[in-house]
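Quick heads-up: structures coming right below.
What follows is a pair of complexes built around chain A, which joins chain B in one and chain C in the other.
Coming up: the complex of A and B.
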């Protein structure tokens, strides 16, 4: 029996075949199966997925056969293609806030698919939209159906996008990184929803992701893509247990895993001089005309000793970045106290503030936008040295920059290039070099690896840890990724809605969390191991039923 | 975001000579303006033309080998006057453009750095922009007397507020960009941020606007001279040639024709330059232009590096 989707020898190339993005990809999606397509940026996985509903970028040359519910997508006429899209295969996009049109209600948007496929009765459309919203777990769908996208949270929006995909009960759902833009606790809910789509509606799902944890949680089978080819295809428990291809092994090794990093010698360790102290810290963004002030951080107290790395984890909007920015004065401290090197940041002005900033380095999240595109890599790294006139001679300055490039493992020739010409990982290393230029005693790293692929992330983290040991700077490491934080920090603080829920040594917090929220956070992280994930799911179901039993 | 990142990177790449050479509009525009400027600079002394030499016997003569463009109502050689007029017009427009750009950039960047200053400066700009440009220039020229430097000041006052507004908008957007925050976080002084980080990044929008201002200055000068509030006679400018030609349009239509043609050609040349510059600096139109040329390659690069979400 053939499944709803078969791809045979699909090749997508550009520039008349000079650049091959997808090379001879073949796979089959069986009925009621969840197949994961895994790979890093540029591996051709998204392009493969888009080919299924013939959404090509301009100028693509396509070869091969894509059979979707018995019809060859690549050769059917336009009218048939429109019928196939939505009815046979529907797409769930990565970023729910962009995938929804802000000027229409969600009910209207769900009904649009129905209208396009010949359902014209308004009452029926609305009823179906409400039903779909209920199916995807939106509470109170009768009211929410008239909401506009901005009235919903990110997770709810993604549920609406899934509802739109489900509207015509397609045989195949293509989900392109459906949870990448979401927090872990929300991600868990969306993954459950996708699983339910399969279990209850019998849809086949093709999920594209770079997150191996998601794969382990959801997929029955996995296809690993690398440079446009499928390098390995196997059932997911087989793939995780004994990966065959070299690349798969490397990929799996690069994934930071919770609870597996080497325990650090902390806790009992002597803590030296305090570098940063936050005492009942409050940060409130001032309200503008007619808006109330928004408190971003509420009564947070922590401290960082010299040579210590404090990891700050939390979901989006938890105030973790705000704290990091406050350290260098990019956000105002409005209450409590924050002392950097013993100096109160609320009082620091002019020369003092400059001096504090000289002793603090900052690594930004997005390496693409954190450099002036008119400056070469050399100038970018030399900028802090020039600003603080750290080196009298141009020669000494040059030597220092070269030394920094060596420290972050970048070839010296890169100095003359522009940031835009480097890859994400290289750029982030330039960012690290820039932060380290003045030999700071303290570094704030705001999600430094969240924009990078796992294998590149592993490399950047390795450089960071080595340099931290070598140079002994203290650091505030902000991340949403628990595994990364665990790997890198001595102590961990967990933030939620601007309040510090838990603070303790990494081992304590990760193995024996005291706070419910920490536990939820840790449990929500999908582990790249299907066996563990299945177990987690079972225990979650039993505890849920136990809960409902009590009620 | 990912796509714009790659394009801005390409736009900033040094050795963009090839992309300039591919930009046909820019080349044609530069060629047109360049040859006018060159002719105005070299030809009069080379051919020994005197724009002020009056020859009452040969008034309003049609174009002939002796007087290529004919003569005007006082018997002055029109070719000489056209060339001298070109020199006046281009000098004036270049001066106006330079000063209004300098003032506009300074005011715009300053305003983006201080809220109170922003309110004051922008209200002043609003006030100036509320008055019709030509009327303001006319009033200023009438008050201070029509001569070259007053005309320069008048037109600069007219054009500077627009540039200031534009630069301020761009600078405000830049101030919230990460690289500017990075500069703040490393303890960079405000002045250095303005010069090193903000200024180079506003240049792209400025470059396009400046060519428009140049073209507009030429037209405004011609209009003012035509109205008698511009370059005072007997000094030639395209505007006073038009003015002189107006009265004798039936007898010697070529005067008006040549002067208008010169203005039109110059403005078209400048518009072409500005179009070309925009293609060069604006990532979006640039992407489009490049895609039509070498579509697949460019598109692929964009996907390969950044097509995959992370």
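Coming up: the complex of A and C.
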């Protein structure tokens, strides 16, 4: 029998065909199947997914055929399209916090989908909304149905988005990067939920993702997209075992794998001079008028020796970024002590503080927003040098900037371009060059690669590691990605709710974690190998009580 | 919500105190002696001094301020130097026509701007959108008195549909009263309609890019419902701010329109008070207008809370 969704020769272009985002994509989604559409940003995977319910950005030219439960989506009239949307195919969005309307209750929003398909009885809509919320694992749904989105956590919001997609039991669920915005321990729960949608409701799922761990965990079949084309399509285990297309091989090679990095020359490393010491560090954000203050970091102690990279892992809200920002004075140290190059940050003032800042570099998370878009790349990199009057002549300054561009493997011509004209990976390399400009002895890198694609991430990490070895700076490397931290750091600290759970050499923490939370964190990371991941899942299920069923 | 409201109102007390002090001292720092003005240029110096004593003008600044402010707190804004009327009564009688005009003008402006602005955003870059942009530009750049005069010539002088000027209380005879208010409403409201249409268009346009609208669309919600039920409320905050500001300036600053149409409003009261150096009147009117501004701001803040739950619930009940 034919599946609920067939796409034939789909092309999407912009600007009158000048930009071809999707070029002749064809595939079929079978009944009860989970198909993963994999690719990096700009590969056209999201656009393909959105085409299925005809949600195009403005100015798109579309060609081809999309047959959804027997009807051609691209040619049906608007009224039929509105009927198909939600009923035949429903979508789960990437970022739950922006996929929910902030000014309406979640119950109202679920009911809107039901009303659009002819269910007008208020009581029935509400009852169905509560039922759906219970199905997706929202605790106390009778109360939460009247909550507004901002009253829920990120994972709960994504469950609500899934509940909305399930409302009319669609034949096809399109999940566009459903776990990218979520923490890894929350991700595992959402992936389970999606699998149950297939197992218990028989829905076919098209999951769009860049995360090969997620693919290995969930998908039956994989289609790899590259530059608007599907370059390879195969059953999940086949694809991981013997990738055929060149691009797939490169993609698989770039994925950082937990527990497989080359063993580091750590542990026995001589830990002489300390660069950073945090002693019972407390950081509390002052409460707004009439509200209690919120402690973000509670009694955290660690130190970093010269030339050492300390990885700080944790989920959102764990306080890891707060610590990083405190080092450079962007968050206040309210208790305990933080000594940078032996100077207490709470006492440092004026010239001393300036000197500390000169010796510390900072790499920001999002390269898109951490540059002034009216400054050229040259000026961005030169800024710290100018601020600290580090170079006497314009000529010396220019030589230094060129040297930095070379170090991060960027062509010299880029100096005259603007950050907006660069790709994400190039921008982050500029960010690294800027942090290195003053030849700092210490660098704070706050999630420097989390906004990047895996292959680009691999390149940036490689540059970082090489430079770290060459220049010998110490670093505080903050990340939510265990595999990245493992690859980069000599020692690892695990944070949760502002407390340091575990601190030790990378090998110790990753292979023999002492703390339950660390173990949970490590186990939650899906392994980019379907065989191992399935094994892992089976052992997880046997150790867990069975979940409540879906309707 | 109640504690929030009280908190907001409580915060107004120091603001009002500072404002009252500024108002009181500004009037006294201005040149010109009220006693001399009352008695006229021919008055004898002895009489002037006598009157100054009677009026308490020779007392120290603080005494005079405290005397005035203690009256204000009790609802006594003083007595006009000229008409011997209580300032409060004068404000009351002059405020009614102004308030009627302001309510009519803002309602007219909203009735036009919300649908037009929303539809202009919906059909962005269409002919309709460009036409709206053109009209609002004309509305924004046109001086209100020119528009008033054109309307008077067209609707009253040529067509004889409406009275040229004047004011009749609409509560006395609604039809006649409203007929007198139509022209000033049109000339004032049109300008505010232009500003508001642009605000509505811009904020709706901003909301239309939101992912949650695509998400609702993906569940089969129809376009018109998306626009008017889902998007408009989100676009509300900037619009409400603009409405508050417009309404406040309508209440305070319709002087030109009021004088063209000969309406005995608060604007003409203020201008007369300034011309005559009628300090009690001047201080009373300015303080009253300040209260109106602040009050409207509080109302706008409270309406924010009604529209956006994140304002209402901030800090409470998260997770």
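What we mean here is this: the second predicted complex is superposed on the first by the 544 of 551 C-alpha atoms of A that agree within 3 Å, B and C clash if a C-alpha of one lies under 4 Å from a C-alpha of the other, contacts with A are read in each partner's own complex, and residues count from 1 in each chain.
Simple rule for what comes next: contacts are C-beta pairs under 8 Å (C-beta built on N, C-alpha and C of every residue); 3 or more make two chains touch, one makes a residue touch a chain.
Note that the structure is a prediction, hence the values are computed from the model and not measured.
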Who touches more of chain A, chain B or chain C? B
Of the partners chain B and chain C, which touch A:337 in the superposed model: first, second, both, neither? neither
Could you tell me if A:19 is touching chain B, chain C, both of them or neither one (first, second, both, neither)? first
Of the two partner chains, chain B (first) and chain C (second), which one does A:167 touch, if any: first, second, both, or neither? second
Have a look at where A:254 lands relative to chain B and chain C in the superposition and call it first, second, both or neither. neither
Between chain B (first) and chain C (second), which does A:90 come into contact with in this model arrangement: first, second, both, or neither? second
In the overlaid three-chain picture, which partner chain does A:364 touch, first (chain B) or second (chain C), both, or neither? first
What is the contact status of A:117 with respect to chain B (first) and chain C (second): first, second, both, or neither? second
Pick one for A:150: touches chain B only (first), chain C only (second), both, or neither. second
Just to be sure I follow: which residues of chain A are touched by chain B in one complex and then by chain C in the other one? 95
In the complex with chain A, residue positions of chain B that touch it: 1-2, 5-6, 8-14, 177-179, 181-189, 192, 196-197, 200-201, 291, 294-297, 299-300, 303-310
In their shared complex, chain C is touched by residues of chain A numbered 53, 55, 78, 82-87, 90-91, 93, 95, 98-104, 109, 112-113, 116-117, 148, 150-153, 161, 164-165, 167, 288, 290-291
Can you check the complex and tell me which residues of chain C touch chain A? 7, 210-223, 225, 230, 233-234, 307-310, 313, 315, 317-319
Any idea which chain A residues touch chain B in the complex? 14-16, 18-19, 21, 39-43, 45-47, 57-61, 94-95, 176-177, 180, 210, 325, 328-330, 353-358, 360-362, 364-366, 368-375, 383-384, 387-388, 418-421, 423-424, 434, 438, 450-453
